[in-house]
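Input: structures, listed below.
The same chain A turns up in both complexes below, where it pairs with chain B and then with chain C.
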Partner chain A sequence: MTTISENQPPFEHLLDVRDLHVEFRMRAGVAKAINGVSFHLDERETLAILGESGSGKSVTAQAIMGILDSPPGYITGGQVLFQGADMLKMKPKARAAMRGPKISMIFQDALSALNPVFPVGWQIAEMFRIHRDMNRTDAMAQAIRLMERVRIPGAKERYKAYPHQFSGGMRQRIMIAMAIALDPWILIADEPTTALDVTVQAQIMDLLKELQEEFGMGLILITHDLGVVANVADRIAVMYAGRLMETAPVGALYANPRHPYTIGLLESVPRLDSKLGETLPAIGGLPPNLLRMPAGCPFNPRCRFAIDKCREGVPPDLTDLADSVPRRAACWRVEDPAVTAEARIAVGGDQS
Partner chain B sequence: MSEIVTTTAAERPRSLGADAWDVMRRRPLFWVAAVLVVLFVAMAIAPELFTTKDPRSCDLAFSRQLPSAGAIFGYDFQGCDIFARTVYGARASILVGIFTALAAALLGGLLGTLAGYLGGAVDAVLSRIADIFFSIPLLLGAIVVGSVVPLSPNSPLWRCVIQIVLVLVLFGWPNTFRLMRGSVMQVKPNEYVQAARALGANPFRVTTSHIVPNALTPLIVVSTIDLGSYIATEATLSFLGVGLPGTIVSWGRDISAASGIGYIRNAPHMLLFPAAALCLTVLAFIILGEVVRDALDPKLR
Partner chain C sequence: MGKYVVRRLLMMIPTFLGATLIIFYLSFALPGDPTAGRCGERPCPASYVEWFRSHYGLDKPFLVQYGIYMGRLLTGDLGTNYYGNTVIHELAIRYPTTLKLAVIAIVAEILIGIGAGILAGIRRGRFIDSLVTISTLVVIAIPVFVLGSLAQMVFGIKLKWFPVTAGDGTWGQLLLPGLVLGSLYVAYVARLTRTNLVENLRADYVRTAYAKGMQPARAIGLHALRNSLLPSITYIGASFGALLGGAIVTERIFNINGVGSLIYRSISQRDGTTLVGAVVVIVVIYMVMTLLVDLLYGLLDPRLRHE
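And now, the complex of A and B:
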């Protein structure tokens, strides 16, 4: 459709999130959900944000989109630069105008993300009618084209079908069609395949990848599934307790995780070559309560490498690592030989 | 590779409304209620179709005569034809019922949506106001207003209907308000509402095309059921003499006139027919409301 590149720098990245802070003010206290998250996204790039439930992945996405429910959620600091302009400083109206044509989003469960009382075609066509002032007939024709593009069989006949009449995968396709309707520059996919079974997951990821190449979108893929990320992402940002623990190109991260949390995550992936009856390693303990963060590094209570320095003072910042590729990690002991040795064991020890 | 399409050609995409209609038309109760409602609404619109007699031209010579071939419902105390009075009485009752239900649904629905969607101070203020009116029983409030601002016997029908509708809405709206507020609050956190925002819908759009259509069902059902009770309340007010004035033919007035001492024993037909008409109308709307509720609620199928 449209080509993306008429808007060239002054800006450095398409999306640049700097030191984002989000907190939830509740009766029980203030939960610091995001504590200084920084990352960037370029055109045609796929960034995966990986983390377990409650790590702040979805809240990050909501903060970028500007759909954080407030109260209780408040963005207390940082910048979200879209093509160099800080979206957090924009008026709500200008912000709302960006949702759809500039940044768009798809959700985990397409059944609950689609309005149950309207036909799916109508819902897609609505995007064109609101944002492009199209008349009914044109919007309908566009919607059907889009439904065909995301490979809904019999798109024309199914224009008038309701969300509950589709299978999970088809619903997610509808959701994708709505999200890309206005050629967004950035698409945020919040766990797009979590509610789907494995074969359909692969189809949806393929479709997303294909559409990303066609439209030249930047894609932020939020997931807790290490398998989904591996084939699709260019870079990975690992998130824990509202902080980024490690960012790296996908190959480097899988081959050689550096942060103890990432090491733990990769160790806990079931492997074909593990012996029968062998216990799958898991990271002990639970993610910290956001209302009562531990002092020091938030991962320290679960970290087998933790030293006194990790248990006090301020948590370590993301720092550049010495490697052949640009990568960063937030750990005091990341360059410590004891940790780096474990990292190799974690991925199979074939390199040592 | 391709996913299995769940819908076959025979199973056409259908709307909630079409589904509900399908469920309803298989219920005999729906048809009973629908026929009664149509009948009474037709009476209200064109009573001339049902009787050639004038409910106001009476002859004292016929006073309290029992039903006969000439007057199938008999005559009342004044010697008026009861069948004609019952037919003509439908107009006031149905007008009051329909307009009160509509106005209460609109007002309560609108304020309830505002309170439920905006929350915070708006919700607090509106809810407290609703609580105040809710604490006054509908009938008691209407009696007080009706006796403070009595309707003059010379007022035309529309003037009387408007006043009674206003009074009933004034004390009836908290009901629909609370319902809609709760319903909107229930729909609001749904993911499709968030998705609509993420895809660029403004708050007005989010409310009108995503929240309200999904929150409307309970309001429709309760309004239909309430319609019946508003008709009954109007009859009660007229019976008590604080509703429609005697110059307007209404069931409440006729029931009141028929309940004088000795009448119930000597001329039960005077009470029976207007009361039966009232009961049937109220019953028809309540049944209709229940059938609609069952049809719209997938959990009850």
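And now, the complex of A and C:
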């Protein structure tokens, strides 16, 4: 299934998001949640979208899936190309038919994401019933197969159990089974481990990684957890106030962050070699209110490198950086030696 | 499950004792004389009053009377009223009518109440939503004796769509009174359904339903609605219990010979036996209905199952 038939139009990437804009029209005003986000995802690749709460990670995922709450959310511009075809131009029915077999999603809180009044097995089987018109018995067999695949003990006996009868980790496994049921090309995982305790987190991430390799999926991992990203992702996109601040392969980003926001994030990670009693550095201030965005770069009020240029006019675009790997950052001062020097200090000296 | 039912049934005993004690005391304390008017225009002779009071045990202290009554009740005897009719007979001839009224009201609750609630919920903020919100508010605000008289006047007398009274208790005659009786419950059901649907449409599992590729018809009609209707179903069940207790005002307006009229008459004629007997039956029906609703809720919502 990973080969594409010849008669399909050629496309550069499996998923190509171009200049996406989303706004929320509310009584208090228009909140510009996503402001020109562009990224791509290839087959078998894992892209991590990293950002604070309210940075627009989940909204980006929902816009790609086409499940944005509307009203109040509206996609006001851009393209979401799946295998070269713009999903934003599709009719709702065609769009819905893609959710499951082409692209699927798992959510942060599996307890509320699963319907409390239907058995979990039934909810997995539902995928086969709505997309493949499968009969009850066959769909049930498929669901049990998937429950076994995500390693739910006693899958057959637990087919009829309800979500509240499972532990948090098991519920997330059910969600995963549901999402991979129809062998999708892309899986979006929106904070899949945030609600789980640390040991279970690792199990779920391992499972996701394993399934990604088995099914050859592209994985978009949305998280605020720098630790989760480091082990799993191929590339990282750092998001702030509805914009991408920096994108880079995971190794390059951790070894050498270039955007001041990324530098700040990595500085705030606790380190084993820090002295006892030392205060953990933090980025001062709060993310901007989306209803009242500052002029210039959205990060400028919290940026220690900000100059006059950063505080006026339009924010900088993502631009290619001179490096051995393809990476981009949206900062006027990114090539400034002063910033570059700080970046090296941030990650604990030049390791190269 | 079985344990739960047994516990609930046992809990009915104190409820039942408390309810009968209160109603028995109230009818005992009611001012007035049951022998008044039994002897034409003249007051009854003292010898008759004395015979009457001792025959019906009215000369005994309250607790003794209550004890005797409860003793008979345990053998299934609701007593014989001052007119020589058994209370069971009085209730038996009126319950079919009350049941019909209740059924009409319940059907209206299910069809109109739930229907309007769903429409308003999925068209939140639109015209139909405002229409439902305002019209239910009007119905809730108007007392039933105003609504009943108004309906009788407009649909019965002016438009002649319905019979003006319902003395025979046929389905056709009871339709208008049944709708009047149900209107308040219909309004509450509509509001309850709307509120719950609006809330559930924003629920995470509905978003999951869309993420699974469902069309809105299934995401809303199956996933959101299934959860939204739980409180409405409970409410409708409880209202059925209440409706089976008879409707004094509505029955009076439309001259219906149901349980409500029986209770009204027994109060005005100081017929304590009938009054207490009727209330005892109503209390039992209500308790059983409540238990059935609670069991139904557990069946519909697996989180509340009584294991």
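By our rule, the second predicted complex is superposed on the first by the 341 of 352 C-alpha atoms of A that agree within 3 Å, B and C clash if a C-alpha of one lies under 4 Å from a C-alpha of the other, contacts with A are read in each partner's own complex, and residues count from 1 in each chain.
Quick note on the criterion: a contact is a pair of C-beta atoms (placed from the backbone, for glycine too) under 8 Å apart; a residue touches a chain by one contact, two chains touch by 3 or more.
Values in this document were obtained by computation on a predicted structure and should not be read as measured data.
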Message: With the two structures overlaid on chain A, would chain B and chain C clash, or do they fit side by side?
response: clash
- prompt: Does chain A have more residues touched by chain B or by chain C?
  reply: B
Which superposed partner A:R328 touches (first chain B, second chain C, both, neither): neither
Task: Return first, second, both or neither, reflecting whether A:H131 touches chain B, chain C, both chains, or no partner chain.
output: both
- prompt: Counting only touches as set out at the top, which of chain B and chain C does A:V200 meet: first, second, both, neither?
  reply: first
Message: After the superposition on A, what does A:D109 contact: first (chain B), second (chain C), both or neither?
response: both
Message: Tell me the contact category for A:K57 with respect to chain B and chain C: first, second, both or neither.
response: neither
Message: Output check: A:G169 vs chain B and chain C. Expected answer is one of first, second, both, neither. What do you get?
response: first
- line: Overlap of chain B and chain C contacts on chain A, residues 65, 67, 93, 96-101, 104-105, 107, 109, 112-118, 126-127, 130-131, 162, 175, 178
Message: For the complex, give me every residue of chain A touching chain C.
response: 65, 67, 69, 93, 96-101, 104-105, 107, 109, 112-118, 126-127, 130-131, 162, 164, 175, 178
Task: Provide the residue numbers of chain A that touch chain B in the complex, in ascending order.
output: 65, 67, 93, 96-101, 104-105, 107-109, 112-119, 126-127, 130-131, 151, 153-154, 157-158, 160-162, 165-167, 169-170, 175, 178-179, 182, 200, 203
Chain A-touching residues of chain B, taken from the complex the two chains share: 1-7, 11, 13-16, 190-192, 194-202, 205, 209-210, 213-214
- prompt: Which bits of chain C are touching chain A when the two form their complex?
  reply: 202-205, 207-215, 218, 223, 226-227, 300-303
